[in-house]
Amino acid sequence: MLPGSCETAMFNYTFQWKQAMARLPQMLDGAVVTMQVAILSMVLGILLAIILTMFRLSGIRILSAVAKTWVEIARNTPALFQIYMAHFGLGSFGLHLSPFLSILIGITFNNAGYLTENFRGALKAIPDTQTRAARSLGMGAAGAFRHVVLPQMLRISFLPMTNQMVWAILMTSLGVTVGMNTDLYGVTQDLNALTFRTFELFALAAVIFYAITKIVTLGARLIAARLFRY
Amino acid sequence: DKLDDIIASGTLRCAVVLDFPPMGMRDESNTPVGFDVDYCNDLAAALGVKAEIVETPFPERIPALMSGRVDVGVASTSDTLERAKTVGMSIPYFAFEMAVTANDKSGIASFEDMKGKTVGATAGTFEAIALEKQVKEWGEGTFRPYQTQADVFLALSQGQLDATVSTSTVAQSNVKTGNFPGISVVGKAPFDIDYVALFTNREEYGLINYLNLFVNQQVRTGRYAELYEKWVGGDLPSLTVDGVHR
Amino acid sequence: MIEIEHVRKSFGQLEVLKGIDLTVSKGEVVTIIGGSGSGKSTLLTCINGLEPIDSGRILIDGTEVHAKSTDLNKLRRKVGIVFQQWNAFPHLTVLENVTLAPRKVLGMARAEAEEIAVRQLTHVGLGDKLKTYPGRLSGGQQQRMAIARALAMSPEYMLFDEVTSALDPQLVGEVLDTLKMLAQEGMTMILVTHEMAFARDVSDRVAFFHQGVMAEIGPPQQIFGDPQHPETRKFLSSTRQ
Amino acid sequence: MIEIEHVRKSFGQLEVLKGIDLTVSKGEVVTIIGGSGSGKSTLLTCINGLEPIDSGRILIDGTEVHAKSTDLNKLRRKVGIVFQQWNAFPHLTVLENVTLAPRKVLGMARAEAEEIAVRQLTHVGLGDKLKTYPGRLSGGQQQRMAIARALAMSPEYMLFDEVTSALDPQLVGEVLDTLKMLAQEGMTMILVTHEMAFARDVSDRVAFFHQGVMAEIGPPQQIFGDPQHPETRKFLSSTRQ
Amino acid sequence: MFDTALTTADFVFLAKGAGMTIVVTIISVIAGTVLGIVFGVIRYQLGAIWAAPLIFVLDIFRSIPLLIQLVLANAFMGTILRLNMSGFTVACIVLSMYTAAYCAEIVRGGIEAVPATTRRAARSLGMSWGQDMREIVLPLATRVALPSWIGLALGVMKDSALVYVVQVTELLRSTQILITRLQEPLLLLMICGAFYFVISFPLARFGGYLEKRWSND
């Protein structure tokens, strides 16, 4: 049963793959938007997580409290809730974000929380002697973190980061709840409203999502092989 | 067939959209009420069975039917040709005019003013499809579909949207509740009249025939007018189109 | 000149250094021996300011290490240290390990830093391992790299903390040879070691630590040949077995 | 009686056992010595059927270990084995470690199993550790517990695979004493060891393995006093140093 | 404190939603765990090559948005198979498979963490494969797997917010319904978020505690 190859009858249902396949270009455009959101949210999430990690390490109580609260909320409430909150929650304060920004902020918030937790685990795996060695070469605390600890931390948490990236891709599908209709899920849903070929359209979307996540994990592996040769 | 199945099972399960006042909504005790809810109850009574209201968001109406979760959609569903490829539609049981509701701060006073603004509607509805097309024609402004009618009005009152197009009944009803401060109905949208139909599975001719007759009877017996007065009020819209049968 | 005066240091309840006095002049090689937990490593980390001290003071060329006004990062450029555990930066190649500090701390250009690094690495016999990652090196090679890394900062003093004790026996020799070479070149060094033969060979003075106290110090001939303190005798006889 | 006939065994390309023949009679103690990778451990795991063999056969009291019809679980009750790496069950107390198999495999009642377990544990000197978890035991105690655990199944044969080689020197003695005691009690044993003095002391015959071949076998006096095979000589002189 | 139109009836309504969230979660986690253990053991026993089809199928559940899984399953069971299934059933089936897909990996990791030597010791005492699994592997693997499993269960609870697409009115959906009527998004969302937090946070902490305790010995 190759999609698009024919109209297949199964039980009482007649598949109309051609109709769905005709929409493929639109859906691929959606996939591009999905990737944009995912990549941006990852980049921002990693930067924020690094900042939050430094907050945690800073020893300044208020900063580490901020980091802690962030991590716990991100990890203990549904992503859908976080995204809804980014749009309508902030909206009640008169802060109006476009759907794109809402979903971006929602997922970034989530990413940052989970990654901060990952970084914490990674830091534990880096022996104290590394910092000592760097400090005894005359590096300052910041220099030792930046040149010695950080690269190792990113390497140890590379696999969790890849997983988080896959998550981010999957989470973009929640954008519809805040008015997003340009991403892959949103496009699919719009097309569904138009034609009601639910199964065919979403099956196609599923295949695209699957392909994207596979490409991303594969790409990550290649990047890891290039970056981490030690 | 399905008609027999419904009678045999003793329950009629209707897909109803419950954030679409006054067609479907919830009262203070969160029980479903509205025009569509009453209409479903009438249909069940006519069939001599119990009615069961299944809440479905707009985008999920057809999937709910297709997945056998409901028997009939009484869900203000526009009878487009595209959709009729998938489901079977009855004759129209209601007709909507489209109205523009705007946030007071946006300064929008008519449909044309919406050009270049951020506008939205409920994903998967007739007006959403039409409005999105219009925004593309204008070539400026943004269109945002939300999952539910409630989210649309919430976004509108928060100022995330400048204006929305919705059925006039919904617009009036929402503005009337006073839940959404700072919004008002500013005019009509020049879209075709949105005829909505009951729907069921495409091949259930017996049931579709029954639904057609039921809609006809509702008008004949005056029940349609009665329900319209109860939930909407004002001029009763005609359910026929000039110059063509059905 | 390194001057250590009445240094005391505790970890919580445990007093690890109980008033240490020691002066190391330019060009001198002082070896510290002593049982496990006697405070040898702690003293070294205090000397370059990695650990604070409780009382007393440590002067390096007249600068007080633990004074508030002292720029420790600057001071540490003068004092290289190599630890017991290998502490190569695993994410950097051998060459990058050695050039990192000169570039980031001294602000050297890459080319210049690499020139120095290659010289130092060749010096310790790792001239052919520049592009290798430390994970691929033997323990002895890692330790020699750590020595080259410290030397690349052109320190005036070097501290070595049991740099051979985590090595397989056959790798010990190559590291000790490197240290001996440094000593012969006139580097001022304090080294902690369990290799008695080596200590006798290379040191100007040998200090014996016992439970946070420097029980005895003197030329190697005296310490090994005619130890005065009963604990020194006990320690030496137990290591000789 | 354990009869090993022309046993060959490969892991992938690597032939680890190249036709081994060995018969161990009731009450005999056979020690296997040989270099690392010579196939000693592999032979033991073949004897109790943990590893399949490629050709040849192994008979235990006439039952062919690798025959399809053989109930290995039943056979293994006869043949106890203790490995090089400690393999205590960390989630069970010492007593539970020892009673587990008698209860689950032999279907003994708890009381009966515990009686036997206490006897065996006391025998190996762990009578006071019944409620302790293995994590709290020293390596030597863990190995003795493993021995007691195997003995609790009342095996007729015992295989020991370098049971002391992962132990600190001061713990080796206590385990060897336990083995000696077993030998004196008449247990049929095959043991792999690097402790030559012990092998000489306890064995009826000593076999020397070299690269998958049993190069030489004979009474300990002959093997240690007058080795015939050049590899045996080489091996013994290298371990004696 | 808050000037709100929220009535007791509304709280009951929210509580029902929360109840639904919990029921869906519990059913899916139990079913998913049982399946996950079966899949995990099969996956481990067969090895990566022979279990490839299973790995592929389970991977699908981890590579497609849950929302799409729900919509597809719903459309497939209803539209194509014409099974008369409630949304609740579909939600539980999909979430169970979703749980199983992740759980299988956790189980495999747990089994692999049991040292081969320990298992050899068990087998050489005459224990059968089943006894080894039950008496040795299960208790030891559980220690490794339990913290991740708690994380998974909490993840499933949070992800169950998505079952609204198959017409199951769980907590977040109930909240949205009330927002529709009451127009107090912030307050209602806070209540909803707090509910998830109150369940998730202590359990997550407990998982972290177990992890710390068991990684020490």
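Per-chain residue numbering starts at 1, and chain names A, B, C, D and E are given in the order in which the chains are listed.
Here is the rule we use: a residue touches a chain if its C-beta (ideal position, glycine included) is under 8 Å from a C-beta of that chain, and two chains touch if they have at least 3 such contacts.
Because the structure is a prediction, the values reported are computed rather than measured.
Asks: Which chains are shared contacts of chain D and chain E?
Replies: Touching chain D and chain E alike: no chains returned.
Asks: In how few steps can one go from chain A to chain B if every step must land on a touching chain?
Replies: Graph distance in the chain contact network comes out at 1.
Asks: Given a C-alpha superposition of chain C onto chain D, how large is the rotation in degrees, taken in steps of 5?
Replies: My answer is 180 degrees for the C-alpha fit.
Asks: At what distance in angstrom does the C-alpha mean of chain D lie from that of chain A?
Replies: Chain centres of chain A and chain D, defined by C-alpha means, are spaced 54 Å apart.
Asks: Roughly how far is chain B from chain C, going centre to centre by Cα mean, in whole Å?
Replies: 82
Asks: Which positions in chain A are in touch with at least two other chains?
Replies: In chain A, 12, 88, 91-92, 198 touch at least two other chains.
Asks: Spell out, as numbers or ranges, the residues of chain C touching 2 or more other chains.
Replies: In chain C, nothing touches at least two other chains.
Asks: Can you list the chain E residues in contact with two or more other chains?
Replies: 71, 75, 79, 82, 179, 185
Asks: Check the chains against each other and report every pair that touches.
Replies: So, checking each combination of chains, I get A-B, A-C, A-E, B-E, D-E as the touching pairs.
Asks: Of all residues in chain A, which touch chain E in the complex?
Replies: Contacts found on chain A: 10-13, 72-73, 75-81, 84-85, 88-89, 91-92, 166, 170-174, 185, 188, 198-199, 202-203, 205-206, 209-210, 213-214.
Asks: Looking at the complex, which residues from chain E come into contact with chain A?
Replies: 60, 62-69, 71-72, 75-76, 79-82, 154, 158-159, 161-162, 172, 179, 185-186, 189, 192-193, 196-197, 200-201, 204
Asks: With touch defined as at the start, can you tell me which chain A residues reach chain B in the complex?
Replies: Residue positions touching the partner: 12, 87-88, 91-92, 94, 96-99, 176-181, 186, 189-190, 192-198.
Asks: Please output the residues of chain E touching chain B within their complex, sorted ascending.
Replies: 7, 9-10, 13, 71, 74-75, 77-79, 82-87, 90, 164-167, 169, 176-183, 185
Asks: Along chain D, where are the residues that touch chain E in the complex?
Replies: Residues 45, 48, 50, 73-77, 79-81, 83, 85-91, 100-101, 104-105, 135, 146, 149-150, 153 of chain D touch chain E in their complex.
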